[in-house]
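See the structures that follow.
The following pair of complexes shares a single chain, chain A, combined with chain B in the former and chain C in the latter.
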Partner chain A sequence: MIPDPNFAWTGTVGEVVLGATRPDGGTRSRSYRIGGGTTLPFMEKEQKSPSPLIAFEICDDSRYWSPIVNDFCGDLIHDPGAWAKTAETTYGADLVRLCLTSTRQRDFSDIDSLGKITEKVLKSTTLPLIIEGSNEPKIDSEVFQKCGEVGQGERLLLGTAEAGRYRSIAAAALAYNHAIIAQSPIDINLAKQLNILLKEIGVSRDHIVIDPYTGALGYGFEYSFSAMERIRFSALKGDVDLAMPMICAPSDSLTIKEVREADAATRDAIAVEWEFTTSIAAAIAGAEIVCVRHPNTVKRLKAAFASLKGGV
Partner chain B sequence: MPLKALDIYKLLPKKNCKECGDPTCLTFAMKLAAGKADLDLCPYLDDKAKSVLGATTRPPIKLVKLGVGERSFSVGEEFVLYRHDKTFYHPPGIMFTVSDTQSDEEIAAVTARVKDETLTRVGAELKFNGTAIVNTTGTVEAYARAVAAVEKTAGLPEVLISDNPQALAAALVLCGSYRPLISAATPENYKQMCALAKQHGCRLVVREPTLEGLAKLTKDCAAEGVSNVVLDLASKSLGDYLSRSTAIRQLAITREVPDLGYPVYLDATAFEDQDAAIALGIVKYASVIVTSPLSQPSAKAALTLRQNIYTDPQKPIQMNPGLYRVGTPGKDAPVLMTVNFSLTYFTLQGYLESTRIPCFMLIVDTEGLSVLTSVAAGKLNESLVRDAIKKFGVENEVSHRKLIIPGYAAPLSGRIEEATSWKVLVGPRDAAEIGDFLVQEWKP
Partner chain C sequence: MTDVIQATKTGNTQLKNKISQISREFSYDETAYNLPISFALTGVAVHDKNSAADVFAKTGDNPLVASECLLAEATAATGKEPAPFTGFISDTVIRKLGYSLVDGSILGLALIVGTPESAGSAAAICRELQEKYMLTFLAGGVIPILSSAGVKLGLDYRLIPLGSKPIHSVHFVDIVARVAMMFGGVSPGDISRLLTYAAERAKAIVIVFPGLTDEEIALVDGMRVLGFPILTLSGYEGGEWTPATPDTIVRTGMDLKGIRVNVTAIPIPMGCSPAFEGKSIRKEEMQVEFGGGRSPAFELLRMKNPGEIEDGKVTVIGPEIDVMKEGGAYPLGIIIEVTGKSMKKDYEPVLERRIHNFVNYGEGSWHVAQRDLIWVRISKEAFAKGVKIEHLGKLLASKFRMDFPLLLDAVAVTLTTDAEKVLVGKREAESIYAERDARIKGMKDNDVDTYYSCTLCQTFAPNHVCIITPERPALCGAISWLDGKIAFEMSPSGANQPVEKGALLNAQNGEFEGVNKFVKKASHGEIERCSLYSVMEFPMTSCGCFEAIALMLPEVNGIMVVNREYKGMTPSGMTFSTLAGTIGGGAQSPGFAGISKNYILSDRFLQGEGGIERLVWMPSQLIEELKPRLVPLLMAKGHPDLFDKIADETTAATIEDLTDFLTRVGHPALAMKPLM
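What follows is the complex of A and B.
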């Protein structure tokens, strides 16, 4: 008789709820409870936790987006509402991640427009939403306040808190009961430190999703992969300050040389391949949410995740 | 329970013949005890010693070598579940399938790809490893012809895949001495397959859908004298493969089940999304991966992922410090200084190439640390930069005295100016912005 391998895990990955349905005070068609893992990813005897969720990323200013995606998605890129709806109904995403790229403009100050866009996207899709706020610390406070308020009751996932920059986002999350993404630069100790900082100002563990930062495949992914494995390992060994679900956002994938310089005939295929390969490996390392930008990546990932869940 | 070196020594021939590569039997015994040597290296062991030492002295996962010559490769001999615990040592061989339903020309096209196709990244040349020849027709003649067609391109490791022992026997007449891998031994046919493997000295895939079955089969094959085996888990789903390959790795490295201490074989063609199976195999313990020939995007992603996962996580890949050229820079071309962490180098180089502005990259020795970490650790400092400018003769290459430094090295700008008497321009933090920076800021 062959024994089951003995990993002697003592911990459990904490759970985080994303999205709120009507009975819970929101308007989403579904909500997700992510995390809850008690052993290595995809090795649960009883498959309680859902497949990794696939978040499709959209933006409100396509000048800051990959030209490959812009060409592929066509006119949708000028209408975040319609784009979000298409992500739900056509691409088959589990989540929509709205990146407020308009804030990257020099001296951006039109905070009201962000509220309107968030509202529009919330009306256009019934999926739970991730909102990726400003790139400029000076306006963080107003941006997160506005988005948090507009999304009150919807249990958004707000991004992204970093070590020197987490108070505004935490304030909005606490005020309106949203979850937040806590990002650290590919370093398990810094990830833990940030989680402790967040805890100290009152953000509870079940409102934090760890982003260990994902370097693109070939450009640092080897570090991200092991950072994710180490975080998952620590969680299972009982370190509660690292026992949160993880998100993988390989947002550099479409700007690396291999993808940027691909010829017109193969560039969609290589963009998808890069996102797909990164996402598969990240999910095996422990990511509960993977973010992608190319519509064709979504369905392939769904099928592959189903096969990964397909049995012990 | 592992044996101590002295216990092992007592069982060795004590001839000090050096044929194992060690100076004395005692040093060989110490290596065996540490799991660093293979018992087979000693030609004079008697059967009793072999059976006692057996699986307890060899590395927890046996090293299996495929092919001969320059393109041969070894797999197995891994020690950890997680690469961050140490590192993974032997990257999986990726083998492209050909079938005996294909023409000689079609087969030659695949073998030529395996032989010549190279992806150069981060200073390394990445290649596929061999061919897997499938006996689709089930007939002996067609298979022998296909194997002969593959053999026209010499020197590539091979997997021979057939349910027909006669077809394998005919193929082995052609390529048996080149250490191919034959697939697959099952509880029904293992005696026959072991006889073939023994006769030709080739490696053997053993296939069973349960761990119990696999462990029993490797034991049975060892009893037949064949221990160069790899394990085919015959998985039905990706999750099925993942959980069982992980279990095998864990049970092997802890020596709980030594009969599972062999490399793992993965037939990616059996899965709906072959690329997903390849990615899974690379990150989770496959040692030989069989796939149909990959499209260019899939090929690049697979080779890149394999390189990523099999780099030593404790040792960043480094560039040799020096002055590198992008295009053919003249006397007034910009000089950009950065660290010798290869990822930094290749990322910056990629963006510089796309600016089409010829320039020099001055790579200084931070022992492979990134800009941010080397500044924090004090490794990147003004004397390092000053010495590099002198050592690599930068002053003879350009007529100006202006140095562009990475954005994250901005705190050093004053000190570098003082130490070198060069004017320092602080570049962007993100290499992606270097093009705009050069266009707007650079004047010789």
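What follows is the complex of A and C.
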């Protein structure tokens, strides 16, 4: 029996626009308005909010990427532009998430190269873009300035702001009108606090996407699930400081023992299974965007979401 | 000497005349904000005589608007000044500047206008501004003088030459206007938001050198409306301009505008984090110790007037740790001096208590007790890493500034290890403690009209509301009344809101009309009444974070308290965790209340039930923890023997044992008015 989805919620999940098309000053082929939910995910009587979006993650330095994905994607991993294009045309992703892993190198300082890579990816795909910037607080200021500037007009989603480290990314959001990811370590109070900090610095609610932090399935995901559920309950009960869409990146799934140590014949299948299952759970907990790294996960998720939405 | 008031008057008249003589059309390239000041103030795009006159009239003959229009016309006539002058700065560059301001890599903006008498002092002022992460704009004679003194100018040096004449300082204001529109969400024409933004968010100061004409003085004086302090070294008198000396002008300006150099890392050779707070330093791990009955020691925090102390200054008077014998006990005086615009003398003791936390944050430093009873240790490990007495001072100065950024403008620390000076300082401190005690014996609930709420936990206990009073800290023990007040000052829309207590409804239970009203609203209509001092009737709700639970034991007509750390069974037949599960979640459970440990020591504790005489049982570890403060408190209340009459798990494990114990010792609760 399907339970009655009427919980007498009073709140609505806020909406965030990602990607700008030409009429809006950008060059994307489409733009998404995520959020807007009025009840728990997949429980709406009328179809109000869209299916969760699937972001395919790529990087600019594959030394910091899963060897399973690297082997599967082949030469693409050395060409973020081509990789992004493939994500759009072949894998069927809704968004591309570019992780600037090159910033993880010791004493990284080539900020200009990040601008060039971002530009190249923007040219190669027409999908709205998520950019995961600096991994090093010391260069945050320059990195986000650069990414923000290069992507001006495109309504990027920039990541990732944390409690002790949000000023640069907030500045980029304000200066160049991008949305940002606000991440807290599986803690609803910290999530709310960060949103308030961002609000105080001037970032408006419709530019914030919450990342509750996603543990891998079997390795702490139940904590993420519970934190997400509570965030969404709060939003629906009218707490505007938590009424933002959520993004989940079950990327830890590819580093767990079961996936890492799977034998060559089955490891792609196992990797996909792990990413897929974690993503489904995240979507059910309320994620508006799920991010995956294995190309084969994308289509499976698409089908699953369509089925959940359609109730078939 | 030029009289600022007179000159402003004359200047404004001259500007008005000139506005009426505008003849040509003008506009700026590379901006979406037209003439930004005029556009921000009125929403009108000024480009010719009529629109200029219109905006000028609309803004009440504003000298900023007049100067902006006149400069734009002049620039249109003669073209942009050649490099190094920047003239009007494009939106693209402003975005980057705004970015740096939000990002915190620039702390604020400064304008230097006029012609300094000596290149040396102007260069020194610029250097100080650079060191303090201010972005400085220059207009007029100051530019060639700095250049000739070899000072490098340009964005890379955070010294931007706007133009050769003082009127080019208009661009300073048009930058602020655009930052407000780009970053502050100020819509063109919304004057009140613009002024609020400029006053509160735009961290800008103005330094004026001599040689300004009346019109230019009117322009600069006009910037006061935006809340920029105008500072001057010489050449001007009167008006609202602040006189200063070359050594103090930058600091004075930054203080006036509340621009603070943020402390991010504490420059000491040991870790500093709340994570180390619980770690004690045992005798054999200790390098040296201070106080604890082994040597004289004290701590004192005092408020000073702005400008009296130098922020971040740490002074050590007497021998340093490296000449102290290993394992020895030495005298120590910790004196912290603070200034802050909203700092009050009443906050002194509360801030002073933070010394305890902060010293314990140090990986190799340890602190217990307070005032002239303190006991401080530094570990051998920390000593080996190079930690000195001085570093305790740095830690304290930095932590106070980091944790109270909006309350404190400057913190200076003096650490004395000289035996004689410590004794003198201690006597002085003792007279101050006595004064404080006499004055307010801690802040009392009756001394204030406003309590503070805390709804931080509503994210998981949606209808829970804590009401925090001076005598009843939040049930988690983490937020005192002062913390609530400071939190509200820092974030007016946050989880701590002021609660007007309103009319008194029930003095014994601590029920107030205003509190009830607030609680009803904040609990989304769930809770109608809230007694601050009663466990039995309409007690405060509990979220889940309480340090301890107070609950009635009808069998013995008393109330027991169990703390979170205690894992065993209680005479109620329930463990802490079972009890916590029963009362948490934002429900009101008569007979049960979540409380902080410190509340047990408050005069308000169990007031509704007749006072601390109702307390019959606590776990032994909690009794031990509270003992040093509980014994004198009970003594003062006239119950010197009550302490020994409170049972614990060793004397009374079950309710039957408890009844026997209380009867045997003659506990006063047995004879009190029935609880139910």
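Rule of thumb we're sticking to: the second predicted complex is superposed on the first by the 304 of 312 C-alpha atoms of A that agree within 3 Å, B and C clash if a C-alpha of one lies under 4 Å from a C-alpha of the other, contacts with A are read in each partner's own complex, and residues count from 1 in each chain.
Here is the rule we use: contacts are C-beta pairs under 8 Å (C-beta built on N, C-alpha and C of every residue); 3 or more make two chains touch, one makes a residue touch a chain.
All figures in this text were calculated on a predicted structure; none of them were measured in a lab.
Novice: Return first, second, both or neither, reflecting whether A:175 touches chain B, chain C, both chains, or no partner chain.
Specialist: So A:175 only meets chain C here.
Novice: Pick one for A:64: touches chain B only (first), chain C only (second), both, or neither.
Specialist: neither
Novice: Once chain A of both complexes is superposed, is A:189 in touch with chain B (first), chain C (second), both, or neither?
Specialist: second
Novice: In the overlay, answer first, second, both or neither for which of chain B and chain C A:9 touches.
Specialist: neither
Novice: Have a look and say if chain B or chain C is in touch with more residues of chain A.
Specialist: B
Novice: Output check: A:230 vs chain B and chain C. Expected answer is one of first, second, both, neither. What do you get?
Specialist: both
Novice: After superposition on the shared chain, which partner residues are touched by A:217: those of chain B (first), chain C (second), both, or neither?
Specialist: first
Novice: According to the stated criteria, A:300 is in contact with first (chain B), second (chain C), both, or neither; which is it?
Specialist: Touch partner of A:300: chain B, not chain C.
Novice: Per the definitions at the top, what is the overlap between the chain A residues touching chain B and those touching chain C?
Specialist: Shared contact residues on chain A (touching chain B in one complex, chain C in the other): 230, 233.
Novice: Residues of chain A touching chain B in their complex?
Specialist: On the chain A side, the touching residues are 1-7, 40, 42-43, 185, 217-223, 225-226, 229-230, 233, 255-258, 260-262, 266, 269-270, 272-274, 276-277, 280-281, 284-285, 300, 303-304, 307-312.
Novice: Where on chain B is chain A touching in the complex?
Specialist: So the residues of chain B in touch with chain A come to 82-84, 121-122, 211-212, 215, 236-240, 242-243, 246-247, 250-251, 254, 256-257, 260, 271-273, 275-276, 279-280, 282-284, 295-298, 300-302, 304-305, 307-309, 311, 313, 343, 347, 350, 354, 372, 432.
Novice: Which stretch or stretches of chain A touch chain C in the complex?
Specialist: For chain A paired with chain C, touching residues are 141, 144-145, 148-149, 167-168, 170-172, 174-176, 188-189, 192, 196, 199-202, 204, 230-231, 233-234, 237, 239, 242.
Novice: Would you pull the chain C residues touching chain A in the complex into a rising list?
Specialist: 95-96, 98-105, 182-185, 456-460, 462, 491, 493-494
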